[in-house]
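Here it is, the structure in full.
Order as written gives the chain letters A, B, C and D; numbering starts at 1 within each chain.
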Amino acid sequence: MLTSYNRIAGQSVERLAALSDGVFAIAMTLLVLDLRVPASEAIHNESDLWHALVALSPRLVMFGMSVLTLGIFWVGQQTQLNHLRRSDRSLSWIHIAFLGIVSLVPFSTGLLAEYTHYRVALLVYWANIVLLGATLYWSWVCALGTRLVKEDLSADVSRAMKRRIVVAQSLYACAAALCIIDTRLSIACIVLLQLNYALAPRLTRNF
Amino acid sequence: MLTSYNRIAGQSVERLAALSDGVFAIAMTLLVLDLRVPASEAIHNESDLWHALVALSPRLVMFGMSVLTLGIFWVGQQTQLNHLRRSDRSLSWIHIAFLGIVSLVPFSTGLLAEYTHYRVALLVYWANIVLLGATLYWSWVCALGTRLVKEDLSADVSRAMKRRIVVAQSLYACAAALCIIDTRLSIACIVLLQLNYALAPRLTRNF
Amino acid sequence: MLTSYNRIAGQSVERLAALSDGVFAIAMTLLVLDLRVPASEAIHNESDLWHALVALSPRLVMFGMSVLTLGIFWVGQQTQLNHLRRSDRSLSWIHIAFLGIVSLVPFSTGLLAEYTHYRVALLVYWANIVLLGATLYWSWVCALGTRLVKEDLSADVSRAMKRRIVVAQSLYACAAALCIIDTRLSIACIVLLQLNYALAPRLTRNF
Amino acid sequence: MLTSYNRIAGQSVERLAALSDGVFAIAMTLLVLDLRVPASEAIHNESDLWHALVALSPRLVMFGMSVLTLGIFWVGQQTQLNHLRRSDRSLSWIHIAFLGIVSLVPFSTGLLAEYTHYRVALLVYWANIVLLGATLYWSWVCALGTRLVKEDLSADVSRAMKRRIVVAQSLYACAAALCIIDTRLSIACIVLLQLNYALAPRLTRNF
């Protein structure tokens, strides 16, 4: 009997997690590379330095948005991987695609921050979020289909995973659709949604 | 009795895997560094921004190709390491060489994407793939020779590992040879081969 | 019964640790990127090269300061995570915020090294240290509140964790306050404090 | 009884290893960032591209040298950490210093490759190797002194660790001293020594 390479390849969830942590760590720090210490030629007193730093603050906000978006999907992917017994080659490839899309987040965040009133920038950013959600959803469906999930996984948990992605993506789509009125309204809604996902667990811990 | 350093050095498969994940994560994100948000001076309306983004798309394709090539060899190396009991100093060095070659992938991919109809670019890219395949094959032969593989490894699995590399490299060589006719024919064949390796497990899952 | 996503998300301390190690590793090496080999046009003899290298030494000092600050907080975060049974979604988010602040350390260190007699630079650097301490303290309080710490954790250890942060931050605040007299006095005190935290365990090992 | 922070801080060998793998992975790929695809304006035929690539080859050699040096010390550090039961705060700090020095390797390698006949460049490179060896030796002495090593560690293994560093550093010192005659003689000896450390285990496997 011939052993197929497919049956032995890509089985380690730990390696997938480690690769993911590397890619997320790089993606999170990519926008920091744009924060440069102001050149000393233009700085003559405290006030000059203060204004030079204030001028850098939009880049800091971009960086914060990028960390927020990446944090949401890092938690989401981790939650999935924690429920897997093992991976297989198909699942590894879905996550490699996911990581490729993850590393585009600093770009699309930067684009949106630079072009706040351009619908194209908003739609690129939204497309990035949609692709992230879609690959995570696809990965979960595949893991369920090929029984890679841990045996003690309850149907409840499985539904909570899917529901989470569907609800979040629906809200993102509504927020993006508001760009018909004004792109900044869309951005405000998306940022509020993201803050909600980052802060909500603390607010609702006792319920 | 003198204990040789060789007998105690480089035994951890986990550390080798962690170093590899770091190098792969960096290699995968290296080409993203070239994606820069278009400068706002040249952008006056939605249409300008759209065209500036379209002009970036070749870099996005390059990035995709790079992720594809790296994904194939990441899965390949992981599959090997999963079957090792432990490493030794020789094997660690083969994998360090492998990782050095891995970090050249973004360069050779970028070269090929820039110079699609130059045979030199195609041969550099192909040489990179050949070196990756050769070090992985060498690593497996060494691991078998020095009994570093897990004891329950069946001869079937071992053959599947080798066969996979030999078949893939033969196909790559054929594709590369087509550059005598036209380099773009070679590129098309190589990309199809790579997509096949990434997508095939999903298509043939039930067979 | 509906399973809330909050109850299953972000539970892995290992993944949190791995993401942290990635971010710390990148932050530690970020300032090395500024060390460039002197251009060969300007170098005609040994003495020229020597002076070009001496001219690079402030960047080397900046790099050393950055490694020192990051090392202190890496050890601090590790010590916390070692005492956790598991994480949850809230705690993961506090640490994601912590990591975002970590990746700003090379910037604020570089700013201070460039503008040693500007109070603004000193206060930015101090603000960065305060934020790092505050998120770590917050994380520990949350972990205690939601019983994520290991069951064998003694009250002594828990107090030692908090006391460490409070004492260190008080000393940093005093050092920063000295900038009313002279910023360089502040810097000297902060560097001495940091060296103390890095070297002290060796000096006091036997007590 | 007051629990000292020193007694609970920095105990995880795994975290130390993970941070190290991150720093080594970044250091190994740092010189790849200098390999840029030749600009298409200057390339008009296969021969132009070939010559542009040949012009890049010194950077490729630099990259190879850097991977070699880093590989040697990665294997060396790994071998040490594999024999530790746990770490403590002092040992963590020695390794943080070691990692800081590791991330300077691409710089000193690049400097030597650019200025092959300058003694200053050679001595900087040698100083980097001496510092790496010294911190590793110091780390091992500390680990033995504070009984952090595994209990089944034989005196043989411990001596092999120390002997290895002392012998290697003595040979490096001799090679560096040859710069009195000619720096290129020194470089040749150092490269041969490094190749010996990378290849020797394979050549002498059966003895």
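Convention: a residue touches a chain if its C-beta (ideal position, glycine included) is under 8 Å from a C-beta of that chain, and two chains touch if they have at least 3 such contacts.
Just so it is clear, the structure is predicted and the values come from calculations on it, not from any experiment.
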Labels of chains that are neighbours to subunit A and to subunit D: B, C
Between 0 and 180 degrees, and as a multiple of 5, what angle does the rotation take that fits subunit C onto subunit D by Cα atoms? 90
Farthest chain from subunit C by C-alpha centroid distance is chain B
For copies subunit A and subunit C, work out whether under half or over half of the interface numbers are shared, and give different or same accordingly. different
How big is the gap, in whole Å, between where the Cα atoms of subunit B centre and where those of subunit D centre? 25
When the centre of a chain is set as the mean of its C-alpha atoms, what distance in Å lies between subunit B and subunit C? 35
Give me the residues of subunit C that touch two or more other chains. 18, 21-22, 25-26
Residues of subunit B that touch subunit A when the two form their complex: 17-18, 21-22, 24-26, 28-29, 32-33, 35, 37-38, 40, 43, 46, 49-50, 53, 63-64, 67, 71, 74-76, 78-79, 81-83, 154, 156-157, 159-161, 163-164, 198-202, 204-205
Contacts from subunit D onto subunit C in the complex sit at residues 1-6, 8-12, 14-15, 18-19, 21-23, 25-27, 30, 88-90, 92-93, 96-97, 99-100, 103-104, 106-107, 110-111, 114-115, 118-121, 124, 142, 146
